[in-house]
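Next, two complexes with chain A in common: one pairs it with chain B, the other with chain C.
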Partner chain A sequence: MILAGLFLSAPACADLVVIAHPKSGAEQLSKEQVVNIFLGRFRQFPSGIAAEPIDQAATSSEKAVFYQRLVGKELAEINAYWARLVFSGRTQPPRQAASAAQVLEMVAANPGAIGYIERPKNESRVKIVFDVEK
Partner chain B sequence: MFLHFRKSLVFGTTVGVVGVALLIGLLFKLVAADFSSERAERNVTTHLDQLVDTIESTASVACFAKDAQLAKELVNGVIKNIEVARVTITADGVPLAKAERPAASTRGSGLITTLPTLKRTLMSPFDATKAVGEISLEPNYQHMEHAITEQVRFVGLLLAVQLVVIAVAVMGVVFWVVVRPIKAMSDRLHRMNATAGEQLAIPARHENNEIGRLALDINGLANKLVLALRDEHQLRLQREMEERKYRGIFENADSGIFIVDRSGRLTSWNHSFSRLTALPTDAAKAPPLWELPWREPDMITTLIDSCLVDDSTREDDFELLLGAEASCWLHIAASPIGPETVQGIVSDVTTRKRAETSAREMAVTDPLTGLGNRPALEQHLLESIRAEEPFALMIADLDGFKRINDAMGFPIGDQILVIAATRLQDCLKHSDWLARAGSDEFAIILPGIGTVEAASRIGERVLDALGRPYDIPDAPALLGASIGISLYPRDGGDLPTLLRNSELAVDRARAAGGRNCQFFDAQMVEAAAQRRRLEADLRHAIVRNEFRLYYQPIIDLASHRMIGAEALIRWQHPQRGLVPPDEFIPLAEETGFVIELGLWVVEEACRQLALWRADGLDLYLSLNVSARQIPDSLPLSLLLDISGRHGIPPSALALEITEGVLMADATQGIAWLSAVRSVGFRTYLDDFGTGYSSLSYLKRFPMNVVKIDKSFVRDMGEDSSDRALVSAIIAMTRSLGLAVVAEGVETTAQLGLLRGMGCNYGQGYYFSRPLPAAEIPAARARIDAAG
Partner chain C sequence: MALAADIDFSGSGFLTLAAGNMLGGTTQAGGNVNDYNCPCLPTDFGQGGIYDGRGGLQWKPDSKLGLQGSAALGGGGLSMTGQVVARGARDGRVNLEWLYGSYEINEKFTLQAGRKRLPLFYYSDVQDIGFALPWVHLPPAVYGWDAVNYNGVSLLWRSQWGNWSSALNLLAGNESRRESGYYKIYNGRQNRTDVRWGDIAGGDLTLQRDWFEARFSYLQSTTQTKNINGAWDATTQSYAPATIDSAWMPSPTARQRVHGLALNADFRNWLARSEFIYIDRPGNDWKDFAQNLSLGYRHGKWQPMLTWSNYRSSANTRQGAESDAQEAWTVTSLVLRYDLGTSSALKLQFDNSKDRSGPNFGTAFGNARLLTLSYDLVF
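After this line comes the complex of A and B, so read on.
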């Protein structure tokens, strides 16, 4: 199922970007800043606004591609990472959106939210702060 | 026999094993402690590393996320590990979480060396190149020490248990495998009687190992010892037997055996020695050897000493005095048997010694007369010469002794010699020394006699003594003596010269007719030399044709006709001229040359006779035959051979023999005469009346003619007794049927008397001297014409 999904969505995920609220104060984020925010190390924009990362659905190809491109890990590994923190630590994984549209909505609605989606066309509610390149 | 346990093999081995094990254990414990701590450290490091490995990823997550709670969870979990004393996790230099063991000491007792706190940098889970924190673990030294101590203690305990087990095992093994069999063998050896052939059994299951070998070796040794013991026993038995044997020989030996030390003390002797030396049987009373009654005790001492000095056997004869008169001779052979000990073998040689003495006396004594013999004479002469005092050597020869001895036999001859010896001794002084130097020859050494006068007186006495009649029963005899005397030193300074000169003087006395005494003079030597020369010449005379036959006519007195002749030999010596027969015939007789000469005479006579007969001269020839020629040197066959060769009949030859021929060996003489007469040769008895003329001879001997010696005829004219004797001889021979020839007729008166007495034939200068053959025909014619 996952493989089929990957195959089906791969061409669609060719251009993922990290989006934030325009009032987040962030114009552009480094890859390290993106990693720190999404993996719970440092969830704060350079402007001092707390960052709230949002994952796509666990089964979405965007999530897998995003983490693959960001830290070179499979989702299983990412899940295992979060499992250790969730069991005994205080740090929580990103909130999970049901879809890319919800991610867009949630980022547009919350200045501290940050998520990743397919590069949007003509969308001014969110600001692209990181281009998840290959 | 039981060994003290502390000295036993088991104890020793065990102590050894335990000692070595303890030593090893001690070393091992030291090493083990070291080893244990090292291992503990390594273990701890490994464990901590593994611990860190286990929590590393989680810790790195905690550090990445700076999640103190998660870190806290981790350190709490880690600190639960007993090996960890303190754990700290820092994220980016800020301590995130820390936990510490409550009672953990920072440092131990020094058992463990410094062990660094384990630190590991924690990398970001998403970027392996980026450090996000650090975890540090400090080991729990107290625990480690405890663990090590425990471990070492355990090892020690294990070792102790092992030691005990090994010691017990070693004791058991040594006891069962070594001690028990050895003990068994030892017990067996104590009971074993090897000489009875018992052997050491090899302990079971040890047949092929060292103990088995040991048992075999012990058996081998025991066998060897038993054999050696048996040999020794055998030897001892043999020695005892030898000892008994020699003791027996010693005690029962016929020879005396003694052992004496250097001082002459007798230490041992046997029965025979006691018997031979009349030694008291009580040993305590035995005197030293040299105190026995030896005639010369010093000789015994010398014998023992020289035997010891030379270390060799010495032997000699010793005379042992037994009482006043008796003595015995003992032969002692002494051999050294030790440095100061001599063994002597003694045998009684009295008999041998006496025999030797007797033999020695015999050797110089004439057994018949008891006088000294020729060797004794020579010995005595030598001693006399050595004394250089004047003495006379007189030799007395019995005239005609040989003839009497031959005629009457040895017993008579011996009696005469004994009588002669006695007479000689009677007329000599005690200091004079008499010997029998030959068969009828006595020699007398007269000490102190240096002059002819003194010697002459004694010579006369001896002549007189020996000249007296010998009154032997049934055979009275009358003998003269010829005596020759030489004087020392006048007639010779050495033994051979003196003897020879005395003999020469005797020869002179004998030649002078006997019954006289002659002194040696130098001419005798010359005469003897001349005689030797004559003898040499005689041998060549036949070859050189120096002999001649002369013929003396024999006349028939009745018819006054010459009927024959006696052939007489003459020697025409080239230097000396005509040598008379008296000078060379005795020499020829002595040397045996007369045999050769006799043959020549027969040959020559036959030759001459044949010539005469050819000329018509009818004569016979009479030839003188020597005693030496009869019977073998002039056998009948040879006579016939020679006469036959010249064509002479036996009747033309007459053979003249003297009485001496018949007296020498009557049987052979008679046989020869009978033989020659049987074939026709005539036989004449020559020189009748001069010797033992016994009328019985005439009867016994096969004679044809008897010739009366010229000495009777010569004295017939003056001496009426001779005339009567001649008359009686003629009458007697005629009555026996024999013819008579009177020799030495020189005068008409003699011829007349002989004719008157009836004598058949005559021969003498009256008719003719002996003539060469060439003159015989003329002589015959003259004689016949005179008749």
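After this line comes the complex of A and C, so read on.
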């Protein structure tokens, strides 16, 4: 964990939030609900709308920080977790966006999409549903 | 080409290169047990993967290469998946492990049909994916059975109850396996025994909350074997002709019942794995008890883990055999994993196997100390 912190640009993702579409029906999600959606355990908003999680790029510091803060795991551990689910046909990992801007665009365009980005300013197209605490 | 445009292909794969060396051990039968030069440690019963004292550095038992392809058909939740694996334990021959169609009815229900892995145990689904495992090889005391796949149907139901998520998987099918690896371990490396599991029915329920996970499983089937070319005879030190067991044995109405419980935790940097199996096989004269317990610690890219696993069989006394002093062994393993990147890892594993079989079990492999090193990759 200490090592990961040294390599990541911590100030760049000091304030990560999970965003969803205003029509997702979600006001606020619990940490467990976010974990269930992003780890493929159960992908549905409380409103009943199917949740479609979006990851940031595999090499982005946001992705490493998100999973470290959410479940305390390195990306290698997250990949090993997904290898288990993908090769057994149980579920697929989140779709991957090329950039934070693309995550924002995808969530703004799809009522089921859910992603994580730096806290946006003056952005009404998406709703913050979870603060990814340090 | 409108049809092709509606099909979305994706491919992935996995590789394990592993080499092991038997450091030492003891054996009660002058070294030759079931045509293996012991001390021996079977590490993959399903595929006949076994390290013995003869080969020096051995790469075959745990090395494998697998390719998986999926095709999503249109946007309606329909897909096809196939997986082939070439393994050293099978002299590089390529086996079709998975070939199934999947229909995601909605976010809660998924229906699958075809050839799949039999989810007997927690890690069964990924027993070939070294990168997904915390060991070089799975604890053989638990992961030691003759059928690993099945042809049939399964229904997966996902749900969420408060902060708990659940996944219930129900399945039914059959399996027929030529030249079982499991029986090569017990009947000799040149033995050919075919295996048939019929009327397979069962399922598993996984409950997860934050860092805790529990998995309950139950599966039943008929189980039969057919010895094609004779088993190793310890007295004559040669293969006896298959005269007695050349028919399917025993009666097809005899059922086995497999009960499993796995309790896992990933709490901060600590990880704990445990699995408890009880198999009642009244038609095959045996009851089997197997457990493994692991505790590991994650420190950056490093992950040391200690595992204790145990297997014990008990004969069914109403079949006329002595219930006690049958096959039993314990394996203590220390594994050090190092993640090279986000998709590859190195693992070094030391196994210390203690043979606790009693005098009523004739072909004990003896004690063994094995060191294995693996490189795992997913792509």
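Operating definition for what follows: the second predicted complex is superposed on the first by the 126 of 134 C-alpha atoms of A that agree within 3 Å, B and C clash if a C-alpha of one lies under 4 Å from a C-alpha of the other, contacts with A are read in each partner's own complex, and residues count from 1 in each chain.
One rule holds for everything that comes next: a contact is a pair of C-beta atoms (placed from the backbone, for glycine too) under 8 Å apart; a residue touches a chain by one contact, two chains touch by 3 or more.
All values reported here derive from a predicted model rather than from experimental measurement.
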| item | value |
| --- | --- |
| Partner chain(s) touched by A:Ala58 [first = chain B, second = chain C, both, neither] | second |
| Partner chain in contact with A:Gly89 - chain B first, chain C second, else both or neither | both |
| Of chain B and chain C, the chain that contacts the larger number of chain A residues | C |
| Which of chain B and chain C A:Gln28 touches, first, second, both or neither | neither |
| Chain B versus chain C as contact partner of A:Ser47, first or second or both or neither | neither |
| Intersection of the chain A residues that touch chain B with those that touch chain C | 35, 41, 71-73, 81, 84, 88-90 |
| Residues on chain C engaged by chain A in the complex (per definition of touch) | 12, 14, 66, 68, 81, 83, 98, 100, 102, 106-108, 112, 116-117, 123, 125-126, 128-129, 131-132, 156, 158-160, 163, 165, 167, 208-211, 266, 268-269, 298, 300-301, 339, 341-343, 345, 378 |
| Complex interface listing, chain A residues touching chain B | 35, 39-41, 71-73, 81, 84-85, 88-91 |
| Chain C partner contacts - residues on chain A that touch it in the complex | 1-4, 30-33, 35-36, 41-44, 50-51, 58, 71-81, 83-84, 86-90 |
| Residue ranges of chain B in contact with chain A within the complex | 58, 61-62, 64-70, 73, 125-127 |
